[in-house]
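Both complexes below contain subunit A, partnered by subunit B and then by subunit C.
Moving on to the complex of A and B:
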């Protein structure tokens, strides 16, 4: 096995690309199943990139092609501008944090973290290894745990050992496959913040796989939303939330009310009862033709609830409805309102608005209202 | 019901307990017990025929266990990568090797070896540079016992090691590769430490099997005498306290190895490397 670099992996002195990771027309098939379909993407240096999508959409497969555990059936995967197709995992300058951590049970914490360093040829001396392992454990706040075995650690601690074990190698890219899925909610929240801080401190590109939209939105600079092995939309959290490319994204990122219908040539949407609704197209979306299938998406926090028969208060749309259910969420109350001809609509009423306009009881007749600028007309592709 | 169980255990273990007890006989006759003395122990181990048989058995068992462990482990690792009908075929053949009765293995090996030797010996004699007189003759002996025992015990090792490999977390291997270990490095530092308990258990079971086996050895040992064969022939001359001593020693030895093998096989994946408590 020929060694290329000082670390026994393919290292290069001069980066040849602004992107740490690039996919060019990557397709991956497992027999009859196509897990990833002609995917093109670029991950900027030093960023925090997330793959987000439902189960089975090909997130893990994409990550494993970067790590080198899978080879693409078609297309090219580049790391730092160089094709790594055919390069085995142990010669790629990336490290992975596995979903169930995959800590070596026969080694203690120190030896787990030192594992990557010890594979380098020439092998670093003991003091170097001890110092670097010490620094890595300090980074994840686990100093003093060197002698423990993996089963003597809590889930969160195991997770941090896995992080230290990867980061100690100073990889070009750190890959994380649902690293927080096994943690409870509170710990997950803490680790999200920790991961984000860590990423800024070490300046290494992070690529995260998750099916938790909140996690992806709160941590990443760029989110890649996938469906059935394809990229649906890529962008920052705000962009995906405010300008979803289609109904799938609007549904996946945050919550939305949908009214099905057809597009109107002049903009807006006509529902099956012939009612017209105003709404804008998301930025960058193509214009829809008259009669094309479309949905109107309205975020629940832009929907207001007014007492029945009250003045529409300057809202563009006002519809009669009846409260079906209400859930108190602390800072908000979530109302489910049955609206004639549309079905159930969700409205998120902040505490302040409730104090001003009063709250509503189940079964109460109300008026539900929103403004055209809050509504998006989306294709259902 | 409990009484019934007690009888079964009595029936099973009373003869064994008697043998152990009778090995401490002070008198000359195996059948009448005079308590109690260890006098027969040193006397037994002064018997040169017995010592020779014991040495033969240890050599055979040691070689068999080593060969079976090395080949069985390699086969198990290789089979792990094979899929589909080839894998099924190998699995079936492995289990067949285990369930074939010892007597069949004994006869089959004997017939095969005798036929092979009959064919090869004239050939060697004809080709031997020093003329047919000085030519070596292939014969039954250590080699044939070792071959027959290895055949069976290797299958045993394959099954034990395979179970362990399948129980092993595959992501450990990926993690190792991800951390820049070469395939050989991964084997040395992750796979092998993980399967080591199973490998040792396989070794101990192979050793015990070979050491205790009478049937197969009886067929193929030729002029070599292993311990079970020696005991068998000495019994035909009458049972003496010596026989009981040998039986007791063999029992103790086998039990120790079997218990060690059990302990090793039970050790969970996480404990593969042993203790190492937290500070």
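Moving on to the complex of A and C:
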């Protein structure tokens, strides 16, 4: 599980494959616009896979090519090792949960969920349909809602009906297109947990599309970060967070402070003022040559704020700064610190640290500090 | 609190004033004439024509004398409506679902353009097209001889479809336009073939437009006068033509009134039956065919 990201491997599989979904050199063009650019991808069986990226990065197009709503302009899409190029959506063993659910308004909950079963030939008998629909509704905790119409349901309930309607068909892969985007924050958190639990219970491969990094990080085994129709990096949540391949990923996954400069041959970075910063290269990252444009990325939670003039307390880097802004967020406080020659840097100070070192007011002169091991030198691409 | 009730009272007064024209229109132009016609239908023809007060069912007993007009109306009006549905639905579907923005605009304009000239003139044009020097002559050239169109039920049907098609296209178009295209993708995704998607999603969701269009066309066709008069030549006549004849030619107002009342009653029964059928069909497909 989670063993993806092995790009460039020529998998000689026929009818059976370890992968539920494979893209081989897939390109999709809409007129002059290239939505997906020669993409290679493998989605392992039984995992929770996410496409993550801003709008227009090609993630939805990728999902729609799996569903069968779009056909690739070039390359091959495989489901369970079989090419499905040219196969219409209704003949593919995948089902989709649509962004705004797309529940049939003229049918009640039962008929919505039964819809897929009734398309089967030979058609299952009445009792089979009733039992399977009942099980699917139980799975999403909506038993007793059979007779309701979609407009009588809350957003979260509609979401669950959409899930049941797809899962009842026992698809090889369940596709989810921004499934939580229409829900409010609290409900979204609940549904994230619910989706994850559900995926483990049913053992079906889930492929999610989202622009919400928190959603992708919290639920997926493997996340595929996309930009401009290409894969930027693929890996687990922790890997992407701790070892981002470049500045784009470091910026997209979580928050980062960036210091622009050039790479140093011995490691680390030199900023335009000639100051040197220590930092490590991410595992699996591209090698950087001396003088190449690079950034130093420091996560805000690894940045400490010390009273001005205090001992640097064993930190590798200590810079003078002034508090520009302070936002209290409960479990921690977000400080924006103006640092000379760098600009504004963000620091997340947990409650505990604040209790020990005291809090700081706006305009106060402080020292901002971090350790070289928390800093990453990343290519600026 | 007092202010609140004052505002409420003023609002209800405004509402009443806004409703007044409609109410007056309804009473003066619909209820009153209908009441007059109803009273007339129980009367007798005055010797010089017109109406003479009486209470007799004689006019109603005499209705079979105009049976042909009723049978013509009751066959050609539903048939014309059905033809309009069959032709309008694919067109509306194409306009709403398939056509690109420019083609759509052009076709919609083409559907509307005929309304810019008088219906009478356009129907006169059809007399020429269907007449001896029109289509039959063209067919004659390719070897199909002696085809008569003008003054036949076919001519009347052609005129009906020509005249009433836009009234059918627009309601269906509107209901298909509102149809969420993602529902079609959802159906496709759930394993339905394109045909089944059409039958199970598109058609049920466009039923409101189809019902509206059908009622609109059917009701207007039941009272149709012009098309049978011009294209049916005195041979294919509707109840509407019979009414013109009775009121203007033979000046038999009471009998004309009875015919008119009979038409209204038949229409109401037909519409009620149609709506009941459509309603039952819908609830059955709703409760569904497990």
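Criterion: the second predicted complex is superposed on the first by the 366 of 381 C-alpha atoms of A that agree within 3 Å, B and C clash if a C-alpha of one lies under 4 Å from a C-alpha of the other, contacts with A are read in each partner's own complex, and residues count from 1 in each chain.
Heads up, the rule we're going with is that contacts are C-beta pairs under 8 Å (C-beta built on N, C-alpha and C of every residue); 3 or more make two chains touch, one makes a residue touch a chain.
These figures come from a predicted structure and were not determined experimentally.
Q: Overlaying on subunit A: subunit B and subunit C, fit or clash?
A: With subunit A as the common anchor, subunit B and subunit C collide in the superposed model.
Q: Can A:106 be said to touch subunit B (first), subunit C (second), both, or neither?
A: In the superposition, A:106 touches subunit B and subunit C alike.
Q: For A:129 in the superposed arrangement: first (subunit B), second (subunit C), both or neither?
A: A:129: touches subunit C, not subunit B.
Q: For A:322, select first, second, both or neither according to whether it touches subunit B, subunit C, the two together, or no partner.
A: In the superposed model, A:322 contacts neither subunit B nor subunit C.
Q: Where does A:189 make contact in the superposed view: on subunit B (first), on subunit C (second), on both, or on neither?
A: It touches nothing on subunit B or subunit C.
Q: Quick one: classify A:88 as touching subunit B (first), subunit C (second), both or neither.
A: both
Q: Once the shared chain is lined up, is A:29 touching subunit B (first), subunit C (second), both, or neither of them?
A: Touch status of A:29: no partner.
Q: Where does A:152 make contact in the superposed view: on subunit B (first), on subunit C (second), on both, or on neither?
A: first
Q: Taking the superposition as given, does A:270 touch the first partner, subunit B, the second, subunit C, both, or neither?
A: After superposing on A, A:270 lies clear of both subunit B and subunit C.
Q: Let me check the overlay on chain A: which residues of subunit A are in contact with subunit B and also with subunit C?
A: 67-69, 88-91, 94-96, 98, 100, 102-108, 115-116, 119-120, 165-166, 169
Q: State the interface residues of subunit C toward subunit A in the complex, per the touch definition above.
A: 180, 182-183, 185-193, 196, 200-201, 204-205, 285-286, 288, 290
Q: Show which residues of subunit B lie in contact with subunit A when the two form their complex.
A: So the residues of subunit B in touch with subunit A come to 169, 171-172, 174-183, 185-186, 189-190, 193-194, 269-273, 276-279.
Q: Sort out for me which residues of subunit A touch subunit C in the complex.
A: Per the touch definition, subunit A meets subunit C at residues 67-69, 88-91, 94-96, 98, 100, 102-108, 110-111, 114-116, 119-120, 126, 129-130, 165-166, 169.
Q: Hey, which residues of subunit A end up touching subunit B in the complex?
A: Interface residues on the subunit A side: 1, 7-9, 67-69, 88-91, 94-96, 98, 100, 102-108, 115-116, 119-120, 144-152, 165-166, 169.
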